[in-house]
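You will see two complexes here that share chain A, one where it goes with chain B and one where it goes with chain C.
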Partner chain A sequence: MSAARDAEIGRLWRSRPRSRFARASVVAMLGLVAWAWIGGGLVPSELLSARRLANLERFLGEVTPYPLQGRTFDLGVALRWAGDLLVERGLAAAATTLAISVAAIVLAAIVGAVLGAPAARTIASPEPWLPDPRRPAAPVAFAWRGLVTGSRAVMIFLRAIPEYLWAFLFLAMLGPTAWPAVLALGLHNAGILGKLGAEAAENASRREPQALRGLGASRAQVVAIGLLPMTLPRLLLYFFYRWETCVREATVLGMLGIVSLGYWIQDARARNHYDEMVFLILLGAAIVLIGDVVSAVARRVVRRAS
Partner chain B sequence: MGDERPLPIGARGAVILAIVAAGAAAVPWLGLTPGSLVPSDGGLTLVGEFLVRAASPALTSEADPVPEGTPPLLWRALAAARTTVVFAAAAMSLALVLGLVLGFASSSAWWADDLRGRGRLRRVVAPVLTWSSRTLMVLMRSVHELLWAVLFLAALGRSPTTAVIAIAIPYGGTLAKVFSEMIDEAPRDAAHALRSSGASPAAVFVFGLLPRALPDMIAYSLYRFECALRSAAILGFFGFPTLGYYLKLSFENLHYGEVWTYLYTLFALIVVVDWWSGALRRRFLA
Partner chain C sequence: MSQPPTGSRFVLEGVVVRHDGGGGAPINALDGVALAIEPGEAVALVGPSGSGKTTLLSLLNGSTRPSAGRILVDGSDLTELSPRQLRLVRASIGTVHQDLALVPNLRVSQNVLSGRLGRLGFLASVRTMLWPSAEDLRSAHALLERVGIPEKLFERTDRLSGGERQRVAIARALHQQPAALLADEPVSSVDPARARDAVGLLRELSRERGLTLVVSLHNLDLARSFFPRLIGLRGGRVAFDAPPAEVDEAAFEALYELADG
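And now, the complex of A and B:
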């Protein structure tokens, strides 16, 4: 019994995926982490200094809703306080946060489609679907390759810049409307959705596009009739995954001055009203949860339909 | 396809219609008019000046006169990059510990009947542990790292460690969720073989289940490290000495060349990690 077990363990251990590069990578990662903790100037024990603990105690006292501070707990008072805060600004800011995330992800899908299609080699090459005996003219092949590389480079740049930074730059240019938040989230996610979409198009089965092409369909027709319906479920899954992150980020972008939840969080922080600040952060968490649930339901519908 | 559809629009069509409707409703609520998209004259020159400097990032400090005792610009950029990497790496190490512990506790494969024997204790402990760890994960994940940072700033004051913890909490929650899904979806053939040869549950898990999920878990962790670099850079907006701090400062002083220097530094960090995870994926997952 135990011999068989040991043999089985030994067999599995020997058949594990192995690679020198992977091993070196793990060592490098461990080294990086050790260096960060030892040589990076991080002193965790400093968090427990007397000054910080006093600060923490004061903070915990101020987190209690203002009308309840220094009094016995009264649920009615607490609820009235929370209700006033919601009506005054919480609900409107929450709706704005959701609206920003929706507008941004729709923009990201549109821009991502425009950038992602020419980045897929199965769409953007001289003859992507049929074996073509004639070699394409060098300038033609070069132009297609340039299109692929160019759109990929644009997408890398869009997603390498954090959305918070994009918003900061747009805010300086456009002033405090909702546009900076929508553009920032939209462009960053266009880079991500475009990349994922291009990969999905490259990994899709070639049979249907080939058959359509063989019947004489144009490039646009093959993409619209053959490729798009096949990759659509996957694209929709990515769309909803990224929308979840958009909801999170839309909350935070308000801290730059756009009137989403983050704006009021920052405002409460500036006035040292920590009770309001924590309440609004929790409201933000609730919105993120709502977004997650809606997204999960939508993804299930998409999965079942495909 | 579509032989007996009850409606002309399928479920997929309904989802797309809902997306379009939500998008159409969001635009008037936010007051997104094309007119407000046009920058003012001042904004337009600012855009122009800023974009022009993309081609010529600053190599030396643009302040005039340079305040005494300031280190050279490139040195500042390197130091900021170092802090960014330190924060990201330290946060990821904490997040990985959190993610592994919570991810294992909440994965249903760990408790599956066919992989472990039946026991009365397990009947009670498993659901409690699974659901409490799932709730914890959701709470950690649903608050953004910048909001965790704001909370810690208010509660404890500024310290590098608070930045690390602020990133580690939501990242730990995300890693736990993704890890538990990866473990649950990993092929169970090896685990079943081990189980039937009488191995203990721990051995089944470590030798049968984990190796199947490991490549995906490593690839995903590297991707999250890339995200952590971005998050660490952005924490600089709250005064931590990462790239975001200097970037914001230079932007406010209208030193656009310096802004691009810092942007390209962040870009370089991300490209390196991206290349690393790509190379690992190709060799490891092939």
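And now, the complex of A and C:
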């Protein structure tokens, strides 16, 4: 009895459906990992040579706030040093960083909406949501397909160039103001928000738009009165998530010479003031942390309201 | 050791389950329910949508906490158990969920074997999933044979029809070697003919294994013809609790009458 069952199980196992693709990708992945470790030049001994350790020790010494170096620790002195730094450039730079991130994400949302809507196949088709009673003329169908492909291509291009390189480009064109950072973050994130928005539109339930379309609503009406309210919570989640990233990136972009926090971090490093540099890096981390918390709270509120 | 001699005994004492109701006034999904279900008994819960059937079932398998009152399974109060003890009680109660809740991209064998998770440690369960022992496979195959789809052992679960998936869900519950079987609307995912089969199968399985069976049903005919005891719920309260012969049409109609009708 048991032998017969085992034979049957063996037969079922041999005829089980299996995926060559899944197997091949596991093998390929293991191969890639092995290559990266061995062939990619990541030799662990480079990380901890004696010279490097000495370097590290000196660095740690210089990180101590300047007025405190070679003296016993005094909280009052340390606080005064930190306060001076904050007033001198920390706060202004933090405000710039924040302003850049807000301007960038609003720009990204507007451009993303313009590009994302025609990239959703559910919206951009000759007869959206419902079957077309007539066959659309070939040029019409072609034009709609072109719109989808075109807007997607633009968004892919925007995403393909990293924020850092966009900023580099704009910096060359516009000079060292905050605008290169705003445009760089705005365009890159427009590509991301547009894609996420288009996917939200495509994955949304089709029943409600179909019902509205079925009672005679126009394409724009269905989008504004059906699709937008349905997907708004999701879009807002993406918006705040990307804003959070913008805060972080706005800090980093300062290293290109835009007067956000990153600029002063770079500046302190150039003058070998490692104590200042570490202080400003921590200030940056604090801003990012605050951005994270605000974004998390906003997303929580949105999720609860929806 | 493999089969508990008798099914679970469930006792509910003054159970209230209150939901927040999304900003509005709190709603009582269950409102002062007291009842006892004896080992090996077969009970159908009947009542309209929102009457508290699903909530009652989720109380019995320890997946909802009552806002007030006690739930005793074989004498131990679910609200007072440690997480470890609660896990053991849950492992002893098999549930067939309304939406079946199978992991869609696992093989049928893996879904069935996952029934034993409540009794396995993490590593043992991973091993069972990836490299099931011959014993495990025999057991899964035998259960699938019992529910009528042995040839689906190594299929991907999401390739199966609704009726077949339901049988996988039943096999998973049986692989738990439970003392009780709960099923939430086992007829909603299949057509009427299969619904009858499914309820009949649950009844047979629980009888041959001595399991306590609690099934929520919309369909009064099915409830009447398969179950010796009907519990009617309405607005979170027990409207009647009697053998089918004592429940007349008027009682059923009162159960489904619209509240403001």
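Convention: the second predicted complex is superposed on the first by the 285 of 306 C-alpha atoms of A that agree within 3 Å, B and C clash if a C-alpha of one lies under 4 Å from a C-alpha of the other, contacts with A are read in each partner's own complex, and residues count from 1 in each chain.
Basically, contacts are C-beta pairs under 8 Å (C-beta built on N, C-alpha and C of every residue); 3 or more make two chains touch, one makes a residue touch a chain.
Note that this is a predicted model, so its numbers are computed, not measured.
Applying the stated contact rule after C-alpha superposition, one finds that A:Val302 touches chain B and leaves chain C untouched.
Put simply, more of the residues of chain A are touched by B, taking chain B and chain C as the two choices.
Within the superposed three-chain model, A:Ile9 lies in touch with chain B and with chain C [touch as defined at top]. Of the two partner chains placed around the shared chain by superposition, chain B is the only one that A:Val102 touches, whereas chain C remains out of contact. In the superposition on chain A, A:Leu236 contacts chain B only, with no contact to chain C.
The contact surfaces that chain B and chain C form on chain A in the two complexes overlap at residues 2, 5, 8-9, 12-13, 16-17. Of all residues in chain A, only 1-2, 4-5, 8-9, 12-13, 16-17, 19, 21-22, 25-26, 32-33, 35-37, 39-44, 46-47, 51-52, 55-56, 59-60, 95-96, 98-100, 102-103, 106, 156-157, 160-162, 164-165, 168-169, 172-175, 177-179, 182, 232-233, 236, 239, 248-249, 251-252, 255, 262, 265-266, 269, 274, 277-278, 281, 284-286, 288-289, 292, 298, 301-302, 304-306 touch chain B in the complex they form.
Residues of chain C that touch chain A in their complex: 107, 134, 137-138, 141-142, 150-151, 153-156, 159. Interface of chain A with chain C (complex): residues 2, 5-6, 8-9, 12-13, 15-17.
In the complex of the two chains, the chain B residues touching chain A come out as 10-12, 14-16, 18-20, 22-23, 25-27, 29-32, 36-37, 39-40, 43-44, 46-47, 50, 82-83, 85-87, 89-90, 92-93, 138-139, 141-144, 146-147, 150-151, 154-157, 159-162, 164, 190, 193-194, 197-199, 203, 207-208, 211, 214-215, 218, 230-231, 233-234, 237, 244, 247-248, 251, 263, 266-267, 270-271, 276, 279-280, 283-284.
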